[in-house]
Amino acid sequence: MGRLSARILAATLLVAIVFVAAPGRAGPHGVLEQALVDLLSDSGDKAEEIAGKLADLADPNALPALEALCDERLRKGPDGTLYIEGQDRQTITYAVTGEKATPSADALGKVEMSNALRRAVLPVLAQLRLGSPDRQVRLAAAEELAKRGSNAVAPLLRNAHDHEKDAGVRKALALALAQLDLYSENRERRLQALGVLGELGGAEMESELVRLTSRGDDGRPLEADEQVRTAAAATLRAIEDRARVVGILRDVTHGISLASVLLFAALGLAVTFGLMGVINMAHGEMLMVGAYVTYSVEVFFDQRLPSFSHWYLAAAIPIAFAVTTLLGILLERLVIRHLYGRQLETLLATWGISLMLMQSVRLLYGAQNVAVSNPPWLSGGVELAHGWVLTYNRLAVVAFVVVVATAVWSVLRYTTLGIKVRAVAQNRAMAACLGVPTARLDAWVFGLGSGVAGLGGVALSQLGNVGPELGQTYIIDAFMVVVLGGVGKLAGTVSAAVGLGIINKLVEPFAGAVLGKIAILLLIIVFIQRRPEGLFASKGRVEA
Amino acid sequence: MRASHALPEAPLEIDPELSGVVREATALRDPPPTPARLALWVENVTVSFAGFKALDDITLEIKKGELRCIIGPNGAGKTTLMDVITGRTRPTAGAVYLETREHEISALPEWRIARMGVGRKFQRPTVFFGHTVLENLELAQAGSKGVFANLFGRALSRERIDEALQTIGLTDLRDQRAGVLSHGHKQWLEIGMLLVQDPKVLLVDEPVAGMSQQEMEKTAELLSSLAGDRTVVVVEHDMEFVRRIAQKVTVLHEGRVLAEGPLERMQEDPRVIEVYLGA
Amino acid sequence: EKSESKGPAASAAAAAPSALPVRVEKSGPIKVGILHSLSGTMAISETSLKDVALMAIEELNAAGGVLGRKLEPIVVDPASNWPLFAEKARDLIQNQKVAVTFGCWTSVSRKSVLPVFEELNGLLFYPVQYEGEESSFNVFYTGAAPNQQAIPAVEYLMSKEGGGAKRVVLLGTDYVYPRTTNKILRYFLHAKGITDDDILEKYTPFGHSDYQTIVADMKKFAQGKRTAVVSTINGDSNVPFYKELANQGIKAEDLPVVAFSVGEEELRGIDTKPLVGHLAAWNYFMSIDTPENKAFIAKWRQYVKANSLPGGDKRVTNDPMEATYIGIQMWAHAAEQAHSIDVDAVRQAIGQQKVRAPSGFDIQMDGANHHLHKPVFIGEVRADGQFKVVWKTPGPIRAQAWSPFIPESSKKVADWTFPWACGNCTEPKFAVVTKELANAR
Amino acid sequence: MDLAALRERVRALGGSGRSIALGALAFGILVVVPVLNVLPSVDSSLHVPDYLIPLLGKFLCYAILALALDLVWGFTGILSLGHGLFFALGGYAMGMHLMRTMSGEGVYRSDLPDFMVFLDWKKLPWYWLGFDSFPFALAMAILVPGALALSFGFFAFRSRLRGVYLSIVTQALTYAAMLLFFQNATGFGGNNGLTDFKRILGYSLRASSTKLGLYVATAVTLIGTYFLCRYVTSSKLGRVLTAIRDAELKIRFCGYQTTHYKLFAWTVSAILAGLAGALYVPQVGIINPSEMQPSSSIEIAIWVAVGGRGTLVGPILGAFLVNGGKSWLTSSFPSAWLYALGVLFVVVTLYLPQGLVGIGEALSARWRMRKSA
Amino acid sequence: MLEVSDLNQFYGGSHILWNLALTVPERSRTFIIGRNGVGKTTLLKSIMGLLPIRSGVVRFAGIELGSRPPESRVRLGLAYVPQGREIFPDLDVEQNLLIGLGVRRLARSREQALEYVFRLFPALAAIRRRRGGDLSGGQQQQLAFGRALVLEPTLLILDEPTEGIQPNVVHELGDTILRLNEEEKLTVLVVEQKLPFARRIASRFSILDRGRCVASGAMSDLDDELIRRHLVV
């Protein structure tokens, strides 16, 4: 009897506790949650001021909610209550209190993000994060505020700047601060700001600085303060000088990247055409096949091995190489081998083959492009200087091409394979009479060339689109590079690619992409006029 | 337009891009009276390939109507010398004159030198593979070589060609594609082409290589008969052959003239024996 | 039977229904031409239009066809080759005797077939957004005119929720559609008080695949003022562009890119996670949440499965597909109403047609200028490759075939109804006639 | 007359058997087709329907183009991957004329071509002047490609550019030109090119009679081209050209200025290409930069190779077969036609080393054998 | 060593070799002589497998060669110095020599092989890095000879080896052939037009005339009668 009553008591107590714990709109968090709700319900035009309110609260409790909002983990209950879905996508907590909550994720509506919302929220988030223990987070926050700071945050920034230990973050904060101080009434601050900008600043404030240094229509300087004007001028100069240097470096790195692409497009051809003399119009399609293999591997990983899906590339490389090599050998055996000594006919046959390969891909994968994503470790890039970003995927491609080219080169250099291939290309019968197994050699070498093209496909899939037409977009450039370098000269191919790439990128900024391309082509024409056998011509006695 | 240069009646003017060289070449040595009777002479010609000197400041004079043999070790520079004379190789230094000091030819294009009457047989027989023996001869035949002349021109008379066919003994192979001829026949065909081209100076590089004893003798006769109204320069390693034709022999060695004179003297010459003839 | 127009006197007036009446069979299945590139550079976009057209026809046939006659699709492949487009058009009309043709994507292909359709008085439904500046008696434009896509998009970008852009980058592939659109936009921006030094116009050659420099320049240009990018980059170049964009760390909230040629189909070829927030402006999005759209998508999915089309469940719907779908239905309605598939009859009847489009609106064909009244949606790219609609017009808006922003064309009127009967006149063609008639009385 | 000369004649005629076949072909193209288009009633099975006329006309243009390429490739050994450019230039010249003759009928009712109005150009750029006159345009269609070829060839051949190097340079040339013409600013209508022509020499381009006229004109030109090429190749000059192909150095030692010979063949070829382009435009009704795509130039080489390089009939056959096949297959097997074409190319290379004419030769050889047996 | 029996060879329609029979005894130095165009080169090419034989049997060391490709014949021990040198123009002298290295998996290392050739032809040592195409005719001829020797053949087939070579080297060449024949038990089959050379070196001769082997025997049996009948033009 007593036991029973005890149990009831316990139960009621429990219920009571739950009740008390369950937070209503009222209470300490009410304001915050209200702000959040407003923010989300708003169509966008008032977002910023609401966010402003939110910022003024400066309530650390908002942090998790906003973070969740940004990576779309914020959930909305039917009654409008906000919940947060944990990183693990399992646990559900109340947005504001952070207490565990009962409802399951799928019972709740998503809260979708939009640019307007992001623009409103990010600065707020940044403010809240300024105090974060994590250096990276603080840095990001500082940079965010540099982009979208409002005068309101100036004191915050200053405070943070004064207490900041880490040099990098200090810089970022200083920069952010300077951009705000530039507009302050306090002359000292302005001058200081100008100093900072002159030291660290990029083009962000250029227009403002220009305004400060220029004169209005009435001929009077827009900036009354003499000292500020001169300082601004100096700063502007400093920034521009920095920008000029960076600009050149940037163009060169871009050029190198473009060179790596050209080289990858041409390398396989340098073998099949350069060494073997097959006018290989199907080369482009080998690139394409390589790219599609990459795609298929990615799909396979996503479906079968999702946990390793970031590493699909590692698998794609050997597979693509194998597939294209085999394909190459197959082609050589079935078609090309019958055409030795009839070089021009290879043009016709390989053209036919390329048509068939393209159509096959269309029927298999559809005519549309397929998406090959950069794995996380190839996404994004490092910003070496303001406006000078090295993207990881391009860096990777450059590295990869160096590796592959060296590999091919050393195979040809340090085995007798190289000379044997060239011997066969120059005089098939005689090579046979010296015991060179011409048939097998041809198969292998054509396989090699195709395989390298396949690797090229893998690389290109990380930069451009993967579709049935992929090959066509590269084949012309490929031939140009190989020929420009001098047929049969691997070194020539490499230097041609590098030359074209860099020149192209140095020309483009002021000629524009289209005229730039035209200029390059004309350059090629003139150049070959000067050196009718390509860069690395083997000049000597011409056979009569 | 330039094409008109090729018209037969067009005088032997110099390519604009070359005239400079020529003028300068002639200006340099303001002509001492042209040594008469000289068909061809080479003055201090040097040819170097990437440092290596194939011809080293060589000077050589060949009289009109002379039959000169040039011998010398492999790689001595004999063929290179012919390359220089025919304009296939540009000398690094020196000059080559044809008949008069006015004709400094070392800078002229091959086709113009050929039109000035220098004919050449290559060391390894070179003929037009796609064409028949007959067509090969027709192509080589003297006559206008200009574009439009050949576009509208009538076929030339064939006596000379048939004659040549007789001489080289290919009459019944006249319709064979030259590409399929045997090595020796190619040799003969090229000699035939040289005949119909009817040059003033013949440069013949190893005519009897791959010929049998009797053919060698025949060739010897042929060349000797040509000498006199034509100038003939022969490069050959077959001493037997040289003995048959030679009036005067020049021995090249490492791009220089080692010795020059009648064959007998050469055969005694210890240096020649040492580098070339052997014991 | 031969053409009456011999000798110099031949009239070449665009609106001559007389020229070579092509005799369309009176019985048996109705032939419908489908003129989309299935190979070559444009196959990437056009193939699915062919598919959706076949689907729509199948649907109509299932419902008993048109005028009680089945529709027989005649598919040809102009192979992205413009002269071949013209040849195929002639083949369809004159040889196959099709009642109507659905096709073309690029402006140049349309321009290439236009004379053929006008000469043979054929009927073409053109389903793709384009630069306008055209109105043909024989063509019905079911895609957007600039004022149904470009202008609203830019307006949005300049609006507060759109980010209040004060600077604009006009980026495009170097051919007519981008050049024209950007020209119109430039006039428009001037009207909005944006000066030339706040406009950066850049073009890349066809199939350009290296956007390092351009993206870097955009970034630089974007410093200091709120900036937005209007991209008319075409086809294949989009992937490298967006990859570069993502990897150079350009965020949509900082520098939004609105594209006019990128829809769900194109996004399939791009890894969209890094592109979240960038925009596109269309008259239809697959993500639009209406019963009509649900049905449309379901039908499409079903059709893809049934015919095991390549791509399978990855296949999506997009604006030009919707436009094709609308076009076919609209033609069918018109034919039914006209009780004939005769081109002139259908043309007469189509003016009043309304179709409830997947976008959820009642889309109407403008009998006057042969363009559709279409709603405009602006969507932000979502991680799943779909678009989140962030803005839309309250209702369909009328197309302006001739842009009011371009001086020469602002005067022009496209009106194929009496008394204008002209696609590009500055005064009614038959005004004179009517006056005379009046005087006569 | 002696044997050799007679042999020459025979070679010129290319064997009586073949010449008969050729005559028949010419007759068919030039007479039968038009007659069958005009005379029989539309429903009769003999009737050649109207839509075929421009199509065949187009093929004839391609045939001329192929012949032009064969003159330099097949006979002189210069593989040009830029003939599309000369073709297009000829085409543009004609296109510009057609645009000028319809001034005032464009959508803007302006005296200027529409695209200029649209780019608000106030006056005609200088390089458009004179194109109102047909003779001038025709002259340009010949002179512009010719002059370009002459100047380009002069430098290329003088610097002894040969083989793939020359091919690539020509390709670069046409590629650059394409990009240039793509630009609206260049003044040739950007990538839309020139289109929507109304009439030629006052005759409506829509009138089937005009079409037939154009067709016949093209046919005549083709036959003319054929005879021109045959004369050139069977003249001694022709033999020099082939000699240049086989052993250029040697022929120079025989006293031939090879540069001039190449230049001649090259320029003539370019002019023929331009002519083909000029005839092509009014029949297909559009000219735009895509004609200058490197790939379309490669395709020309493909026609020649398929038909038979170094012969005069080959290119014509090749052009007809490949393009005819393309036209037919793209309508009949829109999704599989590339396979068919691809297989065709591979098969031809593998089993017909001398291209289609190879078949004819083989057959005639067998026939001769049987006769002798 | 090598046996050729009723070999027939055609080029297209034209019949070049007529049931030709030829035997090359072990360690013999057999010389084939004959006028131009009688088919000497054709015969050698047929033996090397460069021309598929239409009918007849070619047996080497008891093995029927049938339609084996050249490379496998080389592995059996044949080596061939063609008429007209056939040097690889774009490979330098050393590379030309090294192509055949290791084909027969024999003792010699790279260095040994080169050293061996350069001892025979000192002229080549000086120009080891020069492009084959740049060499003079004679240099090429020497190179071709050396290139064949790198294969360490048991039967060496030479087509007019003395062509274009300077007299003293020709003489040494002869000595070399004799020495190889002596020391390394090398069998040689030579096509040669120059009788003096043949007389000095050959142990046996065969005369070809119009595609037939019309006479053969020990070199001593080669009398003026035969020469007049078959060699005089």
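Brief remarks on what is shown
Chains: A, B, C, D and E, in written order; residue numbering restarts at 1 for each.
Assume a residue touches a chain if its C-beta (ideal position, glycine included) is under 8 Å from a C-beta of that chain, and two chains touch if they have at least 3 such contacts.
This one's a predicted model, so the numbers in the text were calculated from it and none came from an experiment.
The chain with its Cα centre farthest from the Cα centre of subunit E is C. Ranked by how close its C-alpha mean sits to the mean of all protein C-alpha atoms, the top chain is D. Separating the centre of subunit A from that of subunit B, both taken as means of CA atoms, is a distance of 66 Å. Put simply, the C-alpha centre of subunit D and that of subunit E have 52 angstrom between them.
Averaging C-alpha coordinates per chain places the centre of subunit A 32 Å away from that of subunit C. Rounded to whole angstrom, the centroid-to-centroid distance between subunit C and subunit D, based on C-alpha atoms, equals 35 Å.
Among the residues of subunit B, those in touch with two or more other chains are 49, 122, 124, 126.
Subunit D has residues 179, 182-183, 247, 249-250, 253, 335, 338 in contact with two or more other chains. Shared interface positions of subunit A, defined as residues touching 2 or more other chains, are 358-359, 363, 472, 514, 517, 540, 543-544.
Contacts from subunit C toward subunit A in the complex involve residues 38-41, 43-48, 160-163, 174, 202-205, 207-210, 212-214, 216-217, 219-220, 223-225, 236, 238-240, 243-244, 246-249, 252-254, 256, 265-274, 276-277, 279, 309-311, 315, 380, 382-383, 385, 388, 390. Residues 2, 4-5, 8, 150, 154, 158, 232, 235-237, 239-240, 242-243, 245-247, 249-261, 263-264 of subunit D are the ones touching subunit B in the complex. Subunit A contributes residues 43-45, 47, 72, 112-116, 118-119, 122, 147, 202-208, 250-251, 254, 257-258, 261, 358-359, 362-374, 379-381, 383, 387-389, 391-394, 463-469, 472-473, 505, 508-509, 512-514, 517 to its touches with subunit C in the complex. Contact residues of subunit D toward subunit C in the complex are 42, 49-51, 54-55, 58, 102, 105, 107-110, 115, 117-118, 120, 179, 182-184, 190-193, 195-199, 202-209, 284-286, 288, 290, 326-327, 330-331, 334-335, 337-338. For subunit E in complex with subunit B, the residues that touch the partner chain are 11, 33, 35-37, 41, 83-85, 123, 127, 134-139, 141-142, 160, 163-172, 193-196, 231-233.
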